[in-house]
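In the two assemblies presented below, subunit A is common to both, partnered first by subunit B and then by subunit C.
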Partner chain A sequence: MERFVGTFIRWLITPVVLVLIAIGIYHLLKRLGWKHRQAMGLSLISPWIIGFLSFIAFPLVNSLFLSFTDYNLFNKPEWVGLRNYQWLFTKDIEFWPSIRLTLSYAALTLPIGVLGSLILAMLLNRKINGVGFFRTVFYLPAILPEVAVALLWRLFFNSESGLLNYILRPIFNLFNMGKPNWFGDPKFVLPAFVIMSVWGIFGTNTVVFLAALQGVPRSLYEVAELDGANFLKKFLHITVPQISPIILLQIIMGMIGALQVFTVAMFVRPTSAAGKFLNQLVYERGFTQLHMGEASAIAWVLFIIILLLTLLVFKTTPAWVYYEAEAKR
Partner chain B sequence: MENIAQRSINLKSSKKIIGKVLIYIILIMLTVIVFIPFLWMLSTALKSEADVFSWPPDWIPKPVQWNNFVDAWRTMPFTKFLQNTLFVVLLGMVAELISETIVAYGFARFDFPGKNLIFVILLSTMMLPFHVTLIPTFVIWNKLGLIGEFDPLVLRAWTAWGPFYIFLLRQFFMGIPIELDEAAEIDGSSPLQTFLYVLLPQIKPALLAIGVFTFKGYWNDFLGPLIYLGNKEKYTMNIGMYFFLGGINEAPKWNYLMAMSTLIALPVVVLFFIAQKYFIEGIAFTGIKD
Partner chain C sequence: MKKKLVGFLFIILVVSLLMSTCLGAQKKKVTIRFATWAGTDEAKELQEIIDQLNAKSQQYIIEQDSNPADYDTRLLTQLSGRGGPDLFWVSSQRAAQLSAKGVMLDITKMLASSKHEAANIADYFEASLEPFKVKERIYGLPWIEQPVVLYVNRDLFDKANVTIPKGNWDWDKFLEVAQKLTIDNSGKNAGEKGFNKSAIKQWGFTVNGWPPAQIFVWQSGGDIIAPDFSCSPIDTPEAIRGFKFYADLINSPMVPSQQTIRDRGFDTMFRNQQVAMFMGGAADNLENRVDFRCEVIEVPMGPTGIKSTFADVLGMGINSKTKNPKAAFEALLDLTSAIHQWKVMPPRKSLATLETMNKLHPERSQAMQNIINSLAYAQPYRYFENYPDWDNIFWTQLMDPIVNNQGDPEELITIVKPLLDEKLK
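Moving on to the complex of A and B:
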């Protein structure tokens, strides 16, 4: 039990320090002329602000700086300008394949994930018995430890005698091909990861969509039915606009999630020839090879991709996202 | 006339029934698809090593190897790893629940300059990819001399590092009528008493949901322990599994790995079934995902 003592003591001291800081902030603000409740409010949220400044804002700026340096954790970071980026874009043989794999994975799984879970939620939104049961079942994949799931997939996709290749045998015979080496062949890594993600989509997304669908007023559909609207019309003109803010949220969070595959890939372990995801490269360059500068550069490339894509999605929102509050104005 | 009307009603209702049956068939098929990998995990966990890759695949292990669970557990110091995991889970969970409740209370019940801007920043941190801040964060813990300790995994929890949960709790606080606070104050209760005895009982469902979410988060975490815990004494279950899997060229012992995977999945699944109601309401409420 000795190994827990140090951490436990520091874990007890941390909140005491945070409370003392909060009290200090309160008195400082009072002295600056803030009202009691104003000073109280800011002091209450001060733990988050401290965490944000020291573990998000500072690291964010710092990692940008590190991406322009040569740094191995032991020496001082040495400024090298754009060399890390240059190296990545022109010399690192794993970088472009990794960009391609990561982006194609996101491009394929995002629409499948959002549409698939929306359709499933619409099925569950019908007046059927046992919604609770199905909802629970479809949520299961989302709560399991990724480690267990990834190991399970690795066994399932085993090229020689995995269950998947056994189940898909008739299809392979049809196309006259052998059993695919899912995680060893660059052609099959992407499909393999897409299949894994499809299994996982019956999860959180469906529950969120189901809740959103249940919030759509029934009266809207009834009016549309009187006007003779068919299923597709009701879907496009009532369901989609009504739940569009949730769809937007799902697209953005889904995109960010899809670009950050890590744990599963680390356990499934595609061969180097088959390809790596960007986050795996960050880990390898940074923590196994100690090229912290280059790892930061990869992380920033990923960050900028996410920023650009998010902006792009937001640009399209006036065309399709419907906010009731605005419409009422 | 009547007959035709009757017939069209029959047609309509039979169409409805067919539609319903179709939906059930789809849902049941999907259920089977969800369960196949699970069953395969269990079945493999109970096989002897020679049977793992029998061709054609066998669903029923013969004979059933119950002692796989015990043998797999003994191949590595998993008892120690379990203690380590529970330590991290407990400390992280408690710190998060306390700090996030307080921060959410501040956002929900007090007004101060800059509050809305700060809240927007808080929400936007949800979109920040974890790996961007990973290296400098590692450098910070390295400077503090705490690499290899549990500290990087649990101390930050005190700074309310789960923006989703703050959001969820804030929503719950805002759902409680402010008159309740005021009535308590008129009755002479201090702000702290109001918070503890009036507001906290009201947000119990949210706290339960977040308890489950954070348990799952710390229990399932892999990247954090992977980079911060270098010493075998301090490995968590997931890191133990990573090394149990062996090197790239080693043939994994699949029956043992599946037995351990089953054991790792079990606590989360059990907890999920117990607290399902709150859990699902929690996500539905905010539209969160992890």
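Moving on to the complex of A and C:
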């Protein structure tokens, strides 16, 4: 009980302290000659700035520092320079398989996710009876807990009694193949995860595309129709350019999501012979083996991969992303 | 408006300070925060013990903090900061790690000067103390040392007309029994002609990485980590024989496929009478938790007559940053002693007798002799500070391919041994 009261007291004191800091910032800025509106604005967002600095910026910088140290949670971090990175790239037997698995997964799932949700959004954008019902149904996957979904996938992929192998049985028989052991055989782990990623098509991604599609002016299609444009031409020359900023957003977010897969992988626990996803490796190095330095190094390698790929995508945007009132030749 | 706001904030601060002062004044005994992984039922039973201890003690009040989900991660995070628990349950593997890193309090001197029954180190089974020792210093106490025993379904044995083996039985007999208890849809067993291995309704045994392969390696005279921690002698003929027996068992029709086990649940299959024999910890108490006649027997011995089984040792340690080491130590001793009366088996020689155990656990009288017999030759793994690094290689590179992918132990051992040896350097 006492412990909870202590927490409650801290819970009461924290906002008070934050408000006092905000008032202090306001007075400080006023003394420094800031205008009332500016000083008030900055002091009002100061709790969020403090939160960002404490819970995002500091851990981020600290993890970068830790990646150059030998740290096991209980010792003082000991500076080891590039040793953790060197170990990862030259000696760690799990690192390269993890990179391969994670990148392959992202490369395969990203186009499926973006194209799939775009096609689904286009279907849901049609004027048909009961479209509201379909939109609700297709959004449902987004509100299901990831772990519960992973459990369903596990049953679905069961090599002996799973629905997938039952459906695919005629194909296996045709090629005289045995039933694949989806999570036990390293060859099938990646395909299984790619199939599971189809789930990501539904939900938020589709809703975002749907909103973008509804923002395309009808007049553009009407003019194109008068000029005799068919469905494909309208899609390629009106829809895609008009929603290209959203496609860019979906590609970036999809890529980050695919490279950071964790929950499903931890819950399904496929054979480790197929490799582990990078985030799984970060968790195991950090919390099972207590090599926080190595775990931080892996996390930063993952960050650099994401950053480079994002920059690469951005580099291509002048060629295909159209912003409002922008003319392309 | 401004005055009102300042006034309101002032009142909140004063109320908060008053509340904390009042609570401070109420303190008589020291509060010991005690972290466990106990689930709902276990935590309830443990709380009853704690309530009794709290009522008796003049020094402490133990507050239980049970977190069965992701206990280790949470504990490590707490211990790395300032606000960790004073006392905590710890697995052998973590104990070896945390003792070596100085996270657990060195209690060697306190144990030597205490007259508490739980402080008598000579009374503990040596193997149970090993995970808590670093260079002859002691950092924690074990509260359970449960040997792996074999739970057998008497109903299924009787139905198959198989006698439950007693005492010295070996791998050959084990395979023979498992074969007779593996039955297909037409009622034929795995030893009979016409047995259909793709339509099995009942299996003789089950393995999914548990029971550990170490048991079979030890039984065949091999070892996994050398006693001096110099190497992993998994390439000796004895060790290879143990691994091969384990792999053959997994790939035989007598054990359900890994998919089936994942699908239907490992121990659930035994509870649902789909598996006739199940290796589990002595504390599992399955014979009293299933709807059929279940008995506990010793695991089979190896081909050369070596008896061995795995001993799961769990213990308790004190946070080296605790502000109340004396009270925490008293709480540790009282709790350890009380849990020794509660769990099967206590790691103390004076308690591990048939008479005492039957008194403490009359409901397990049928099983107790075999559990005590098993304890005599049970051994834990050889833990060391970097054991998780070694274990990661052992499981991901050797055991996972054997269990999940029909890997050939002989081929894998050639590749994995140098990697394991590297981790012991």
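Note that the second predicted complex is superposed on the first by the 315 of 329 C-alpha atoms of A that agree within 3 Å, B and C clash if a C-alpha of one lies under 4 Å from a C-alpha of the other, contacts with A are read in each partner's own complex, and residues count from 1 in each chain.
Going forward, a contact is a pair of C-beta atoms (placed from the backbone, for glycine too) under 8 Å apart; a residue touches a chain by one contact, two chains touch by 3 or more.
Here the structure is a predicted model, which is why all the values come from computation and not from measurement.
Peer 1: When the two structures are superposed on subunit A, do subunit B and subunit C clash or fit side by side?
Peer 2: Superposition check on subunit A flags a clash between subunit B and subunit C.
Peer 1: Look at A:20 in the shared chain and tell me whether it touches subunit B only, subunit C only, both, or neither; answer first, second, both or neither.
Peer 2: The second partner, subunit C, only.
Peer 1: Based on the superposed arrangement, let me know which partner A:6 touches: subunit B (first), subunit C (second), both, or neither?
Peer 2: Touch partners of A:6: subunit B and subunit C.
Peer 1: Looking at A:287, would you say it contacts subunit B, subunit C, both, or neither? Reply first, second, both or neither.
Peer 2: Once the two structures are laid over each other on A, A:287 reaches both partners.
Peer 1: Mind working out whether A:265 is in touch with subunit B, subunit C, both or neither, as first, second, both or neither?
Peer 2: Neither partner.
Peer 1: Classify the contacts of A:73 with the two partner chains as first (subunit B alone), second (subunit C alone), both, or neither.
Peer 2: After superposition on chain A, A:73 lies in contact with both partners, subunit B and subunit C.
Peer 1: Looking at the overlay, does A:160 come into contact with subunit B only (first), subunit C only (second), both, or neither?
Peer 2: In the superposition, A:160 contacts both subunit B and subunit C.
Peer 1: Give one of first, second, both or neither to describe whether A:121 is in contact with subunit B, with subunit C, with both, or with none.
Peer 2: Neither: A:121 stays clear of subunit B and subunit C.
Peer 1: In the superposed arrangement, which partner chain does A:152 touch: subunit B (first), subunit C (second), both, or neither?
Peer 2: Touch status of A:152: first partner only.
Peer 1: After superposing on the shared chain, does subunit C or subunit B touch more subunit A residues?
Peer 2: Touching more residues of subunit A than the other partner does is B.
Peer 1: Pick one for A:301: touches subunit B only (first), subunit C only (second), both, or neither.
Peer 2: Neither partner.
Peer 1: Of the candidate stretches 1-9, 55-63 or 73-81, which in subunit C collides with subunit B after aligning the structures?
Peer 2: 73-81
Peer 1: If I apply the document's touch criterion, which positions on subunit A are contacted by subunit B in one structure and by subunit C in the other?
Peer 2: 3, 6, 73, 154-155, 158, 160-161, 287
Peer 1: Which residues, counting only subunit A, touch subunit C once they are in their complex?
Peer 2: Spelled out, the residues of subunit A in touch with subunit C are 2-3, 5-6, 9, 12-13, 16, 19-20, 72-75, 93-94, 154-155, 158-161, 181, 183-186, 271-273, 284, 287-291.
Peer 1: In their complex, what parts of subunit C are in touch with subunit A?
Peer 2: 5, 9, 12-13, 15-16, 19-20, 23, 31, 33, 63, 72-73, 76-77, 79-80, 97-98, 101-103, 257-260, 262-263, 386, 388-389, 392-393, 395-397, 400-401, 404-405, 419
Peer 1: Write out the stretch or stretches of subunit B touching subunit A in their complex.
Peer 2: Spelled out, the residues of subunit B in touch with subunit A are 20, 23-24, 26-27, 30-31, 33-38, 40-41, 44, 53-57, 84, 87, 91, 95, 98-99, 102-103, 105-107, 109-113, 115, 118, 121-122, 125-140, 142, 149-151, 154-156, 158-161, 166, 191, 216, 219-220, 222-223, 226-227, 233-234, 238, 241-242, 245, 248, 252, 254, 257-258, 261-262, 264-265, 268-269, 272-273, 276, 280, 283-285, 287-290.
Peer 1: Write out the stretch or stretches of subunit A touching subunit B in their complex.
Peer 2: Touching subunit B: residues 3-4, 6-8, 10-11, 14-15, 18, 34, 37-45, 47-52, 54-56, 58-60, 62-63, 66, 73, 120, 123-124, 126, 128, 134-148, 151-156, 158, 160-161, 163, 166, 199, 202-205, 207-208, 210-212, 246, 249-250, 252-253, 256-257, 259-260, 262-263, 266-267, 269, 279, 282-283, 286-287, 292, 295-296, 299-300, 302-303, 306, 310 of subunit A.
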